[in-house]
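Okay, here's the structure, questions in a sec.
Labels for the chains are A, B and C, by order of writing; each one numbers its residues from 1.
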């Protein structure tokens, strides 16, 4: 569904992405693993249009995304749940969700979707008039996911949804990811938490220092000795 | 040298002091719209000292610098916790208060049957030291530039010194700097005092150059101009603000062709310039590159080494 | 005692226009976190549009008002496109200095069009002051106050009840996140600028119609008043902008009455300075640092 080829993104003279290629299959959860500074967030930001790549291509079901503004990319059906959530702190939960549906004009459908979000994420319903900045970490993560879903994306990008959250909440978040996929969502998930990712993802890419160094199924990932030692040997602390 | 040129060059020299004053504060990360206040204080203080108290010129200007520094410190301390826009507006408010106070200031004594001294909005006339002591305008210009040269030398030293690094660190990220153990507050006050003294020296020279100062000359426009000079000329070196002054005063004086459209053209050019060079002509990157080129030429080698594969 | 009340009333009246100017400033500052030094001058260009219409074409009050707003919006968008839109993140100071350069440009352009020192401006309302007991209220002051309140209410509504307002608030809160939910940040900012200029235009029109004259100093005057009122009332707060304006107006009128015009200005600046030092967030704003250089 999503095809990234030889993507190069730079910060000034520094190449953060040195020619990245990956593919995301429709209806599956694809996980991008890798250590801090590998370039995972840079990749997500480039796909979302916030960063412009120097070279390479990004295609969503054949249509080119590179060069489009972030707003245009959202209109093509890509939604990013960013690292650190980035909820709008002085707006209520309800307004955050409305913001997620910014490009849509179908009022009744938007309202219906909001009810669906409240059903899927009960804590959000309870707090719907509360300011988003006052929510807990886990609740903000739910809100960020729900906000992204409000645009009815074809492809959902999630950048480290478990970052900074307590283990119990992390488990909840991954349950949500799995449930969304069961309901048909195509997800590109960036994670450092390999253990949890192994439980939900169908396809893995490993990114190190701006390059893809591994591609395979969960089974292949778990068997690879080098990866085992580096990413699975010790329990990784959050962040 | 013809009188007109001497006058323009002297002006450039004097204004450079205020520009450098604003630049110094910019290095520590603070935008000040108020350096013209210390320019004014230096002008009045030095003028009073030489004209009314009979002091020699050097002492008068030093006195102006001291008063300027003291006032700058007294502004710097209460505004320590202000950053960004709030700091900028606070300096603007302060400078305007100073200007209005000078509009209200009346301090005159009788000398040789004449009333001499600051007289409110009418300003301070007859600062005649230069003429009374038969100093040629050309010589005074040389004095201005001598002092400017010393100041520039000071800035060059500063750039290479630990103090200069500390200033730039504070300018980049004050929180980070304080986490490194730097007493940010102390250095900010120091910078404020130095900047105030600098502007005041310029003011003292200005007062004696023009022999007449009035509060209206020390308005917001002068303050914003001082800031703009650094931005136009470049923030990478102390020569940047100077370049800005030269471009503005020099170009503006000489482009008589466009008399009525001068600012329309100049303003548009500055806006366009800032799009391509937001840190000015001699910005940090350019200065760094020039420095490297210079060093390489002297040492005779290039610095890149091939990594063994 | 009567004097105090009368002065306070007058202060509130004139303060309402300061509040509007502050409102325009606040919208721009909230959206881009940068200072626009050309704000007053764009209002002045609008004022000159209106003046030309009034003098050369004998246009009526509403046409003049429309011209003032139109002129302010056109020049405001010009400033935004030239000084703010092309600047990358971190070039906040450059934007500010650029807007200063354009301030100079606009001022000279205005002087070329209308070279004399002052020009007459059509009056907002002619007629005697209304008496309410021992107090006097000028009808044009009343119109000014009512218009200011109305406009502020419209802005508040637009910001909190419309889709565009939601998008704008998202941009104010976090431009990147706003991008991610599909807001066209560049376009929103430009429209916000235009709206802010329009607000400034209305404010300028009201002030000039009460003053009944326009001078080239108006540009700087409008910038300073709007800026001071915004800082007193609190950055990023719409009710704060209005409140700041009212406070400024009241302080000015009282100090003018007691001490004369120069001390009046001195006091206004002193109040501003005191607020900044004691309460950087202003009356209603938040006290968070407002970085102008690196993050903007």
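A few points about this structure:
Here is the rule we use: contacts are C-beta pairs under 8 Å (C-beta built on N, C-alpha and C of every residue); 3 or more make two chains touch, one makes a residue touch a chain.
Note that the structure is a prediction, hence the values are computed from the model and not measured.
Minimum number of contact steps separating chain B from chain C: 1. Farthest chain from chain C (centres taken as the mean of C-alpha atoms): A. The chain occupying the central position, as judged from C-alpha centroids, is C. Note: centroid distance chain B to chain C, computed from Cα atoms, is 31 Å. Rounded to whole angstrom units, the spacing between the C-alpha centres of chain A and chain B is 51.
Chain centres here are Cα averages; for chain A and chain C they lie 42 Å apart. Those residues of chain A lying in contact with chain C across their complex are 48-50, 69-71, 74-75, 79-80, 82, 86-91, 95, 98-100, 102-103, 147-148, 151. If you check the complex, the residues on chain C that touch chain A are 163, 166-167, 169-170, 173-174, 176-186. Across the complex, chain C is touched by residues 26, 29, 31, 78-79, 81-86, 88-90, 93-94, 96-97, 100-101, 103-104, 172-173, 220-221, 224, 227-228, 231-232, 260-264, 266-268, 270-272, 274-275, 278-279 of chain B.
Interface of chain C with chain B (complex): residues 29, 35, 37, 82-83, 86-88, 90-91, 93-98, 100-109, 112, 220, 224, 227-228, 231, 235, 262-263, 265-266, 269-270, 272-273, 276-277, 280, 289-294.
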